[in-house]
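As written, the chains take the letters A, B, C and D, and residue 1 is the first residue of each chain.
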Amino acid sequence: MSIHEECGVFGIFSKHPQNVAAVCYYGLYALQHRGQESCGMVVNDRGVFSSHKDLGLVSEVFSPEVLSDFPEGSMAVGHVRYGTTGGSSRKNCQPIEVNHQKGKMALAHNGNLSNAAELRNRLELSGAIFHTTSDTETIAYIVTRERLSAPSIEEAVSLAMHTLEGAYSLCLMSSAKMIAVRDPYGFRPLCYGVLEDGTYIVASESCAITTVGGTVIRDLLPGEILVFTKDGILSRTEHCKTRPNRLCVFEYIYFARPDSVIDGISVHSARIQAGQILARQHPVSADVVVGVPDSGLDAALGYSQQSGIPYGIGLIKNKYIGRTFISPGQTQRQNSVKIKLSPVEAVVRGKNVVLVDDSIVRGTTSERLIRLLRDAGAARIHLRISAPPFLNPCYYGTDIDSREHLIATSMDPDGIARSIGADSLGFFPLDQLSALAGGHGYCSACFDGQYPTPIPSDTRKDRFEARLPL
Amino acid sequence: MSIHEECGVFGIFSKHPQNVAAVCYYGLYALQHRGQESCGMVVNDRGVFSSHKDLGLVSEVFSPEVLSDFPEGSMAVGHVRYGTTGGSSRKNCQPIEVNHQKGKMALAHNGNLSNAAELRNRLELSGAIFHTTSDTETIAYIVTRERLSAPSIEEAVSLAMHTLEGAYSLCLMSSAKMIAVRDPYGFRPLCYGVLEDGTYIVASESCAITTVGGTVIRDLLPGEILVFTKDGILSRTEHCKTRPNRLCVFEYIYFARPDSVIDGISVHSARIQAGQILARQHPVSADVVVGVPDSGLDAALGYSQQSGIPYGIGLIKNKYIGRTFISPGQTQRQNSVKIKLSPVEAVVRGKNVVLVDDSIVRGTTSERLIRLLRDAGAARIHLRISAPPFLNPCYYGTDIDSREHLIATSMDPDGIARSIGADSLGFFPLDQLSALAGGHGYCSACFDGQYPTPIPSDTRKDRFEARLPL
Amino acid sequence: MSIHEECGVFGIFSKHPQNVAAVCYYGLYALQHRGQESCGMVVNDRGVFSSHKDLGLVSEVFSPEVLSDFPEGSMAVGHVRYGTTGGSSRKNCQPIEVNHQKGKMALAHNGNLSNAAELRNRLELSGAIFHTTSDTETIAYIVTRERLSAPSIEEAVSLAMHTLEGAYSLCLMSSAKMIAVRDPYGFRPLCYGVLEDGTYIVASESCAITTVGGTVIRDLLPGEILVFTKDGILSRTEHCKTRPNRLCVFEYIYFARPDSVIDGISVHSARIQAGQILARQHPVSADVVVGVPDSGLDAALGYSQQSGIPYGIGLIKNKYIGRTFISPGQTQRQNSVKIKLSPVEAVVRGKNVVLVDDSIVRGTTSERLIRLLRDAGAARIHLRISAPPFLNPCYYGTDIDSREHLIATSMDPDGIARSIGADSLGFFPLDQLSALAGGHGYCSACFDGQYPTPIPSDTRKDRFEARLPL
Amino acid sequence: MSIHEECGVFGIFSKHPQNVAAVCYYGLYALQHRGQESCGMVVNDRGVFSSHKDLGLVSEVFSPEVLSDFPEGSMAVGHVRYGTTGGSSRKNCQPIEVNHQKGKMALAHNGNLSNAAELRNRLELSGAIFHTTSDTETIAYIVTRERLSAPSIEEAVSLAMHTLEGAYSLCLMSSAKMIAVRDPYGFRPLCYGVLEDGTYIVASESCAITTVGGTVIRDLLPGEILVFTKDGILSRTEHCKTRPNRLCVFEYIYFARPDSVIDGISVHSARIQAGQILARQHPVSADVVVGVPDSGLDAALGYSQQSGIPYGIGLIKNKYIGRTFISPGQTQRQNSVKIKLSPVEAVVRGKNVVLVDDSIVRGTTSERLIRLLRDAGAARIHLRISAPPFLNPCYYGTDIDSREHLIATSMDPDGIARSIGADSLGFFPLDQLSALAGGHGYCSACFDGQYPTPIPSDTRKDRFEARLPL
C-alpha cells in the first residue's frame, strides 16, 4: 500500500469543437487510481490553450465552476499525479505548458527518465532554467530545442527520443496536433481508441477509453509515435524494436484497474492467474480465502478457484475514507487501519484464513491486518502475496520505499511471517512472472535488480526518500 | 440505489475527560453509510456543550482545525444524516441542541415518527415554535415538557415514550447523563459496547463500536432506556414488550454494513443467505454470478455457493466517486453510470451472467447496468434481486421513492425484465424474509403494506417527495 | 474601537415578484458597519421562505452562487450581526425563522431586551425550548404565543410589546405581511423609504435606503408598528408616547454612518458639532488637527473649524485589513496597530498635534496610537475624545467592555493622559450631549448611569464578558 | 480608478534565522495597494526555498495555516501583483523561482521591460521555453544565462542590465544573497531600511519599512545594485547616471500611499501641493471642497488650503467593498457606484462643490459620481483633476486603458465637462508636474508622449487590452 504509481495521462482529439473538457474530466476520473496528489487539464481551442491544475482529486480540482469556465475545443490533454503533500508541490502539477520559439506545447507524462540528472545538467549548462523538479520539464526542453531546427513537432519528438532514456508515456499537444509517445522499452502502458463520432482518445489505461464511451483500438507499440492531425493518424515506428519490451509487471499486479487490458492481457485475468499460481506454489489447508480490498480481491478469487477453498468477503473497506482522512489523537493512531478496513466476524471467527494481498513493503500494514483478523476470531492466518518480495528501487516511475525500509531485504519469508504474526507466508514465485505478462517482455527490476537501462550512479535523494506506509 | 436511510447515531460516555471528539469522529466515519448529507457532534465538557454541525461528509465537516477546537470532555453525541441537497437544510443538521427550563439537552435521532404531524400540531397549539422541519425537534419538545414536572431526564424520556409513535433510536445527553433509547417496536437498530478503559459507546450499528476499538455488549431491547451516569448504567424496561418486534428488514438487505451484527444476526450472513434463497427460488443455468458493488456482493456470493455457478468480480466500482461527482455536458449524462461502475470484459464477454443487486426502484439504474454488461459482451443477463419488490412508502425513516415511480407497482417481474432488458428477473420471495431476520419480528411494510402502527391520513408531502434514482 | 453595535436590520416589500435578494444584499452591504460577525437573509416568494445565513461579512456569505440560488420574491428580511468568533455561534445568526401554529415568521432584531432573562425563564417554565442564546428567539416566542389568540400578526406584535422591555428595532415577515417595529423608547434607529417603483424599504439607517436607490420617507416613531401589506402601509401608534424618547446617543458619536440621518439629525453634522464643542471646551494651542480614521475624521474637522487650527490627514488606514487579519509571531503583536494605521510624517513631524478620536475604552489603543505619532516625530499630542468617559454597562444592545476594564472608572482625565502618554486629554462634556441629539430625548446611561428602564439584578455574564480592545 | 500599478516587491535579509515570513506578510499588507490580483512569498532557510503564491489578497492567500507552515529563515522575498481575473493567471504569480546551473533564484519584479518582446524572441531562438507570459521570466533567463560565465550572481545581474531596457525594480534572492536592483531610469520606486536588530528590508515603498517597525535608510539610486550578504551591504553603481532620472510621476499622484516618501518627496505633500497648484490654475467660487476617497483627499485638502474654500467630508467610502464585490441583477448595475461611495447630504445639499479626483480615464466613473452628488442636492459641481489628461499608453508597468477609450483623446476639457455633467473641469497643468517631483527627473509619457526609451513597434496586445473602468 505504500507503493505509488507516478501518473496517468489522457488526451482527446476531435475534428470539430466540442466539450472536450467534460470528456477529459471523465477520463481522468477513470485514471484517478494512478495518481491522487494533483491533476490538471489543458484545452486547446483553435490554438488558444486554457488550463487548470491543482493539488487534489479530480472531484476536488474540477468543480462545476472550473469545468464550465473551459471553452469548447478540439483537443485536450489531462494528467493525474500521485501523492505526496506540501504547498510547494503545486508547481509540479501537470500537464506542463510552455511557450517556445515555434509556438506552444502542453505535455503530460507518465514515467521517469533514468538519465534525467545528466540531461538536466547539460541543459542548465546551456542556459536552461527550471521551474519544476519533474522530468517532464526536461522532456519539454529537449523536444523544444530539437524543434528549433526540426521541420515539425513530431520530428522534434523523434529526435528527442534519441536522447531520452527510461520510462515515458507521453501525450502532448501543439496548436494543431496531438502526439502520443511510448518509450522504446514500453515501461508504462499507453493505448488509444475512438468515440462513435470519430474523436480519438489516448489514455494510460483502456478503462479510461471505455469509461468515456469509446472503443479501444490498440496499445501503442513500444517506441511508437502517434500523430493526430486533421488529416488523420500517422504512426511513426522508427524507434520501435530498438529496445526489448519491458512493461512494468507491477502494472498487472497492483497499479492498473482490473477492467483494463494492457498489451493484450486483461489485468483482472492476470490477477486471477496470479492467485492460481500462488495456490499451486504455496498450498495450505484452510476454511476460507479472503482478499485485501481492493487490489487483493482478484488474486484471492484465483487462489480460491485453484485450491477449492471457499472464497469469503471477510474484509470491508470504508468507502468514505479519502485523501483527507486524519488521525486525531496520538493514542488513536493504531485505530487508523480499523477505520479503513473492518473484518467480518461471521466470515473469519474460528476459521483458518488464507489472506491474499498484493505486496509487503515495510510489513507494518500486514502486521496490523493480521492483528485485526485475530481480534475478530480468526484461528490461523496464512498470508499469500501476489508479487515477489521487493528488493530494489525503481528508476522508471514507481515510488518504492527506500531499501533499508523494505522488510524483504533483511528477512526471509519465514522471518517475515514471524515478524508480522502470520502462521505462514508465501510470495509469488519470481520465475513465473512471465505467466502474468502473457509471454511478452517485462521489467521486474524491483524484484530481481535486472535493470534494462543503465542506472544513475548518483541516485537523487528525492526520488527514493522514505515514505510512510499506512 | 435510490433508497436512503435517514440517519445514524453515536454516543460516548467516559468517567474521565478525554478526547471524546476523536472517538466520535471515528465512530461517525464507520456510520457514514447511514447518511451522507450532513453530520454533527456535540461534546460535553463538565456541562459545557461544544458543537459543530454542517452539510457534508464526516471527512469534510470535521477538518483537523474543527476537531482540534473541541475541548476534552466526558461525553459526546454524534449524528450522520442522509442526503438531499440545498442550502436551507443546514438547519436540519443534528444533533439538535436545546436549552430548557431544567438545563441543556443534545439529541441525535434515527427514525421517523408516524404521528409527527399530529404531535407537532398539538405542540404549536400550546405555543411551541419550530426552527426545523425534523421530527427530532418534536421529540425534544415532548421530552423537555415532560421534564418540567418529571424528577429526572430519564423519567421525562419514559413519559414522552407514551406519546411518541413510530421509529426512534435516540442518543441524548444532558449536563450529567447520556441516555440511549430504542422505540418499543425496535424499528431501527441500536447497540452499546465498551472500550478497554471502561468508556461506554452507543451506536446505530455494531461496526462503529468495533471500529473505535470497543467490544459490543448487546443490542438495546426494543423499548429499552439505557441511562449512563457516573454511577454506572441503568436499564429501564417499562416500555419493553409493549409492542411486537418490528426491526426494519431492509437493514439486513441494504442499509447496514456487512460487518455489523443486528439483533443477533450478522448482516453479512443474512445477505449470504438471501443469495442462497434466491438461488433456490430462481435457479438458472449460467456461467458466472456477478454482484453489483458494494451491497450486492454478499448476496452474489451466496447465490454462487448455492447454485455452484462460479462467483466472478465482473463490475468495478470507481472508489473516487464522491458526493461531489458532477455530470458536465448534456450528452454525457448517460455516461455517469459508466463512471461509477465498469464491467470487466474478461469476466462477462460471451458469458451467461447472473447479476445480483439489492433492489429495483425505478428500474433506470438496472437498465443502464444491463446495457453496460451487454456492451461488454455478456450473452445473457439474469437479474436477481435480494429483496421483494417495493410497493409502499415507509413511515419509519426510509426514504423510498414515491409510489408512482416504483416500477413494481405497475409491472410484474416479467414486464420489468422486458422493460429493463434482462433475460430473466427474480425477486426475493416475500414469505421467506423471516429467514433473514433469524426468527425475530420484523417490519416489511414497504413490501407488503402491513404497517405496525396507524399511518398518517394526511401524508406530509416533504417526506415522500420524489427523488431521482441514480 | 472595542465598542460594538449589536446589529442592523433591513426589509423590502414589493407588490410584484422581483430580485429582492439583490436589493437586500446591497442594503446589508450599506449596514455592514453595524455588524461584521454574521449576516443573513430570508426571501419570501408567495409564502415560501428561502434563507441563507452564516458567519462572515456580506461579501463572504453571499457569493454569486448563493445569491443566484434565491428565487424572486415579493419580500425579504436581512440582518447583520456584530462580531465575536467561534464555531458555535453560527446558530445565533439572524434573521431567525420559526414555524408556529398560524404559519411562518422570519424576524430580524437590533437591540437587547432588559428583561430578557426574566422572560426567558417564564417561557421555559411553560415548556419552551431555546435553540439560541439571543433575545430574538424570546421575542419570536412571545409574538407567536400572542398569535395563538390574536386575530392578526400585527395584533400579536402589539400585544407582545406590553411584555417586552428594552431596545428592539424589528423587521419581521409572515407569509403575507412585513412588519417594522421600534420600541417605545426608540433606543435604536429604524426608518423606511420607497423605491421609484413603489417598493418599500425598512432599514436601521437611512444610508441603506439611499444606497439601494430609494428615497427616505421618515424614521419610525418610538413605539410605532408599521404593517406593509398588498393594500398599503398601516401605522399603529398605540405604543407611541408611552415612554420618553431615548435614542442611544452613541449612534451619533460612533455607530452610525456619517451619511445617515437619524431622527432628523445628520450624523455627519452631529460629529462636526461634537468637534466644535470639544474645541470650545478643551482649547489648546497646536499646529494641526488629526482625526483617527474613520469615525474621528468628522469631529476632527469640526475641531479644526472651531479652533482655526489647520486640519491635517495625518493617519492613513490600511483599507485591506479585514476581519481575517492575523498577527503571526508573538513578538510581532505590537505591530498590529501599525499595520492598521500609519502616521504621515510630513503632517506630524515637529508639530503639536490635536488628535481626535471617538472614545477611550481600556486606553491601550490610544496609548499605541500616541506612541505611533511620537515615533513619527510629533512634538506634543493633545488627545480629544468626542464622547464623555465610559463608566457603565449598556443593557440595550451596545457591547461595552466590563467595568473593571474601563480606564475612566479608575482614573480622572489627567491620570488617563499620563497613563497613555498624551500631553493633554479632553472629553466631550456630558452636559452638552443634548446638542448632538438636536433636542430630542436620548439615552446616555453608559456615561451617566441613568438607565431609562429597570435593569436586571442578575446581570448575565455573557453580555458583559471582557473583550480585548485592539 | 481604472489605472493599475503592476506590482510591489518586498525583501528581508537577516543574519540569523527568524520568522521572516511574518515580517514579509506585514510588509506585503502595507504594499497591497500596489497589486490586488495575486501575491506570493519565498522564504530562504539556509538555501532551502519554501514558497506560497496564489491569486487573492494577502489576507486571503496567507491564512494562519499557510503562514505557520513556513520555516524560520534568514531571507524572504515577497510580491503583490495587480488585478485581472481568470484561472490561468495563477502561473503568473510572483516571486518567480527557478533552478539553474549555479543554483536557485527567487525573483520579484515591479515594472515592465520596453524591449521584452525582442528579448523573448532572442531567448526562444536559443532554445528557451517559457512557462509564464510575464517579463519577470525573461529577466530570470537573462540573469541566469549571464551567471553561467559570471563569477557571482551580482555580476550576472550587472551584465544583464546592459540588455534589459525599461522599468524594473527587482528584489531577488540566491541561496546566500539578497539583491535589490533599480533600473537606470528609476521608473519605479525602491528603497531599503533596517530593523532594530540589524535586519535589512527592501521595499517598493517606504510605508512597508515603517509598517514592519523599521527605519528607512534611503531610496536606491536609479541604476544601483545593492547586494546583501552575511558580510554587509555592497552598493554597485556602475549603471548609475547612465540614464536620466525618470521616476513615474503618477506614483505621487495616485499609486503610492500618502505616508510613503519616494526619492525624497513625501507623497502626501506632493498631493497637497498638487491641490494647491490646481487651485491657483483653476480657481472657482464655491462653498466646499470634497475629495474623492481615498486618493483625492490630500489634493482636496491642498485645494482648500490654497483657495480658502472650506474642506468637507462629503463622500463616504464603504470600507467593506472588497475584490469580491458583485453586482447581482442587471437593473442594479448602476447602483454599484452607490454601494462604493455615498454622498453626505449635510455637506453638499444646496452647495457649490469643488470635487477633487486624481484622474479621468473613460469618464464614466466621474459621470456617475457627479450624478450621485446632484441627487444628494449639490447645486454646482466643479471637477478638478490632480493629474493632466491621459493621452498615451505606458510601456513601463502602468496599465492604462487603451487609447480609444481615453476620453481626453477625443475631447477637450470643456467637452469632457459637458459629457460628464460637470459645471466646470480643470486638469493639473502639464508644465507644473516638475513641482510635484521636487526637481528630480520624472516620466510623464502617459500625458505627453515623451517616452524615455525606444518603444516597441509591435505593441503586444495583452498589455494594452481594454479594461473596464469602475
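The working rule: contacts are C-beta pairs under 8 Å (C-beta built on N, C-alpha and C of every residue); 3 or more make two chains touch, one makes a residue touch a chain.
Being a predicted model, the structure only gives us computed values, none of them experimental.
K.L.:
Name, by label, each chain that touches both members of the pair chain B and chain D.
P.N.:
A, C
K.L.:
Pick the pair with more C-beta contacts: A-D or C-D?
P.N.:
So, comparing the two chain pairs, more contacts are at C-D.
K.L.:
Centroid from C-alpha atoms only, then distance chain C to chain D, rounded to Å. What do you get?
P.N.:
Roughly 36 Å separates the two chain centres.
K.L.:
Roughly how far is chain A from chain D, going centre to centre by Cα mean, in whole Å?
P.N.:
47
K.L.:
Provide the list of chain C residues touching at least two other chains, using ranges where the numbers run on.
P.N.:
Expected reply: no residues.
K.L.:
Looking at which chains touch, is this a line, ring, star, complete or other?
P.N.:
Contact pattern: a closed ring, each chain touching exactly two others.
K.L.:
What chain pairs are in touch here?
P.N.:
Contact pairs between chains: A-B, A-D, B-C, C-D.
K.L.:
Given the complex with chain C, which residues does chain D contribute to the contact?
P.N.:
Listed in rising order, the residues of chain D that touch chain C are 19, 21-23, 25-26, 29-30, 32-33, 36, 57-60, 63-64, 67-68, 207, 210-213, 257-259, 261, 266, 268-269, 294, 297-298, 301, 305, 310-313, 316, 318-322, 324-326, 328-329, 331-332, 334-335, 338-339, 342-347.
K.L.:
Considering only the defined contacts, which chain B positions touch chain C in the complex?
P.N.:
50-52, 66, 69, 87-88, 91, 96-101, 121, 124-131, 133, 140-141, 144-145, 148
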